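Heads up, there are several structures right after this.
In what follows, chain A forms one complex with chain B and a second complex with chain C.
What follows is the complex of A and B.
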């Protein structure tokens, strides 16, 4: 993570954007990890929070507010509120039903924004940016947001809150018997998750300088974080970061050298991860038990 | 029941009044009533399918009874959300154990210590210390750092007890925690339960092992086909003809009566022999 702080020193705009995107996806992967990994509620709608965060910044920019800290704080507040509001009904659902509902929320929000002329509709909105010389400020902001997501995950995983999330993932009824209110803690997890994704969006929009529904609510932004968390290891602190670096790096290289078939490689990789690394790289590389654990993990999630 | 009770009189902690529970067309429980007094051990027995676990689920707030009500210190359990039942002071174990598989044994217990009745006052660290104490108490100290999924069935039962104790309960409901234990382990378990009871925790014990339940219970309630058929001191209850009939059937009862006539001194041996029971 500290190494990534040195990226802007290359003075290479392309590399900086590549790494800024890695940090952005990593932040979203941490967001997904909180609800999908720790709490066990697999969401396919995290892009809704990313997009919402991005639109918060775009709207603030229209009002002449171009402060990244303000962007992130507003995005966190709006996302937290939105997550609680949507979570009340949606988090009553479980498993596939929850996953579909979250996808529905994301699609609905996309359509709503695309039809709101005040938000630029499908034509999108421009955001004022800092001048070229200070462009790295967006990179550093994304770095801070990613670090905050990692630290938050680290501390939550060791706190009472984290144990409530994991207990709900393992067995919601048993968790309730031990005094954990499933509803309250699921919504908490989702709100935290939404704030992480929203923060990434809030920094992304001004960095990108332009926002429309297809950018704010892109399929990539929805799927990448999930695959990253899966690849690295869900429900772990290091997993999403490792997954983000490897996956985004691989994606970049494949796009560069195998542009015609890169999506094929990418798809194959996802299949391989799911089949061979159901617990992610973190588990494979001995952090928790060697080859035998891996062999055991292969059959674990098969019905 | 008056709110200001006389201190000397036994205090009714839990009152089960006229509880009925229907699943579709089947009444799993009907018109079950009894009181549980503070500091006692109530044994709940009955043949398979007699409604013991259903009653445990009603008392612990997992099921809402179709008729009647369960009150705990004058509060209706049905009005309390599941996750607040333990905050009232009621904890339970599950017959089908429910460990958090990916957590270690100690973490499993610590979660209870964090969110139970005294959980608000405990730091994460204090919860882990409390968990370790309880694991030592139930004899799981040596596997504290192992994933709960690695535990053997008897150890998982012990874990259930430790988790329930971590909630600092006033009433502890134990659903077949001794099933699958050998004779020595049953003795250990009984000793543990006596210790827990001596510390002021009221126990409700569901168990198939007749010897165990007789030795520990103050009062025994017998269920058969969802109805309460007997209640009283262990020796009296087990000698009751309805109870023998419920367990062994009417033909057995007749034969036992014949045996009694022939050989009165073998009465002891003709007492209840529970059928080979599963779950």
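What follows is the complex of A and C.
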């Protein structure tokens, strides 16, 4: 992580954007990991929070506020509130129903913003940017946001809060019997994850300089973080970061050398990760028993 | 009044297509407990197959229904056998991502073959319609509804009266007990998934008559299929039909809403996903078992 601080020293705009995207996806992967990994509620609509955070920055920019710290703080507040509001009905659902309902929230929010003229509609909005000499400020901001997400995950995972999340994942009824209010903790996890995704969006929008619904709520931003968390290892502190570096790096190379068919490769990559590494790299590194145990684990859920 | 009648008829006609879409989706969900995110991609393949047969051999779309069904059945059967079966009983996330990855693959293959240009199937009867008491009914959509009704009937009889149908229902009730009774569940899963893909292919053919074709055309149908299944009652053949038609009517009316607040103009037709989400949440809160579903544990 500290090594990534040196990236702007290359003075190469392309490399800086590649690594900024890695940090952005990593932050979102940590956000997904909080609700999907630790708490066990598989969300398929985290892009709603990313997009909402991005639109917070865009609106602030319209009012002449171009301060990244203000952007992130406002995005966190708005996302926290939105998460609680949406979480009250949606977090009552479980499994498939929860996954589709969250996907529905993301699609519905995209629809609504695309229809609001005040937010630029489908035509989008421009954001004021800093002059080129100071462009790295966006990189450092994204680095800080990513670091905050990692540290938050690290400390939450070791706290009573984190254990409550895991208890809900393992057995919600048993957790309730032990005095952990599932509703309150689920909403807490959901709000934290929303703030992480929202912060990434809040920095992304001014760094990109332009925002429309297809950029703010892209399918990539929805699914990349989940696959990254899965590849690295869901419900682990290191997993999302490892997954983000590998997957975003691979995607960048594919995009560069196979511009026309890189999404084809990405689809294939998802299929392979799910079938071959369902528990992620962190699990694989710690695995005892070699190839045979790994192969055996692959047939665990065979029909 | 006439406008209301027209909306109602439009809704019922659109509901026929939704019913076929949801029927296949509901089979895999109800029997294998998998949300198949590739269902939209199978619909798209069925539509493009129809388009290609129409362009190359001038084959009438209604005659290509069996071709779409057979081709997609084979594809679905193989996908289940070679890929999904490995994780058939895994938690939500695994099957969700796997079928999403498959969908991405298929959509991009279609993009390479047919490019992203919008295509259409224009038959001699494409624009033809007739009027009853001032309500316009396009022939193509009426035939589509009749096909949907026929398919639902055939599926219902097949699932309840044949040996394979009974084995499928047994597998969905208790996979362990079905295995002990000599049902080859992996084979059953492959048949169910193939059947579901085949029905998606049929839906694609029907859709190609009234909608434009693009590689991502299946996506909007995915979330609707989910809502229709919840609305009608999961795992029930009649439920898919009832849910499809009810949802078709709800959507036909909801998209007519037009509100202007100040300078902001809000039109229901741009908010289809928001409408789907609202219907979904209401049904889940008010009647989680759906219209035709029975209460389960």
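Criterion: the second predicted complex is superposed on the first by the 287 of 303 C-alpha atoms of A that agree within 3 Å, B and C clash if a C-alpha of one lies under 4 Å from a C-alpha of the other, contacts with A are read in each partner's own complex, and residues count from 1 in each chain.
We take it that a residue touches a chain if its C-beta (ideal position, glycine included) is under 8 Å from a C-beta of that chain, and two chains touch if they have at least 3 such contacts.
Given the structure is predicted, the values throughout are model-derived calculations rather than measurements.
In the superposition on chain A, contact is made by A:275 with chain C only, not with chain B.
By the document's definition of touching, of the two partners only chain C reaches A:99; chain B does not. By the touch criterion defined above, A:266 reaches chain C but does not reach chain B. In the superposed pair of complexes, A:118 makes contact with chain C only, with no contact to chain B. Of the two partner chains placed by superposition, only chain C is touched by A:107; chain B is not. Considering which of chain B and chain C touches more of chain A, the answer is C.
Within the superposed three-chain model, A:164 lies in touch with chain B and out of touch with chain C [touch as defined at top].
Here chain A touches chain C in the complex through residues 36, 42, 44, 89-90, 93, 95-97, 99-101, 103-105, 107-108, 110-112, 114-118, 223, 226-227, 230, 234, 260-261, 263-264, 266-271, 273-275, 278, 298-303, going by the rule given at the top. Of all residues in chain B, those touching chain A in their complex are 60, 62, 81-87, 91-92, 94, 98-103, 107, 110-112, 114-117, 119, 124, 127, 163, 166-167.
Those residues of chain A that touch chain B in the complex are listed here as 158-160, 163-164, 166-167, 170-171, 173-182, 235. Per the touch definition, chain C reaches chain A in the complex via residues 29, 32-33, 35, 83, 85-94, 96-98, 100-109, 112, 175, 185-186, 189, 223, 226, 230, 263-267, 270-274, 276-278, 280-281, 284-285.
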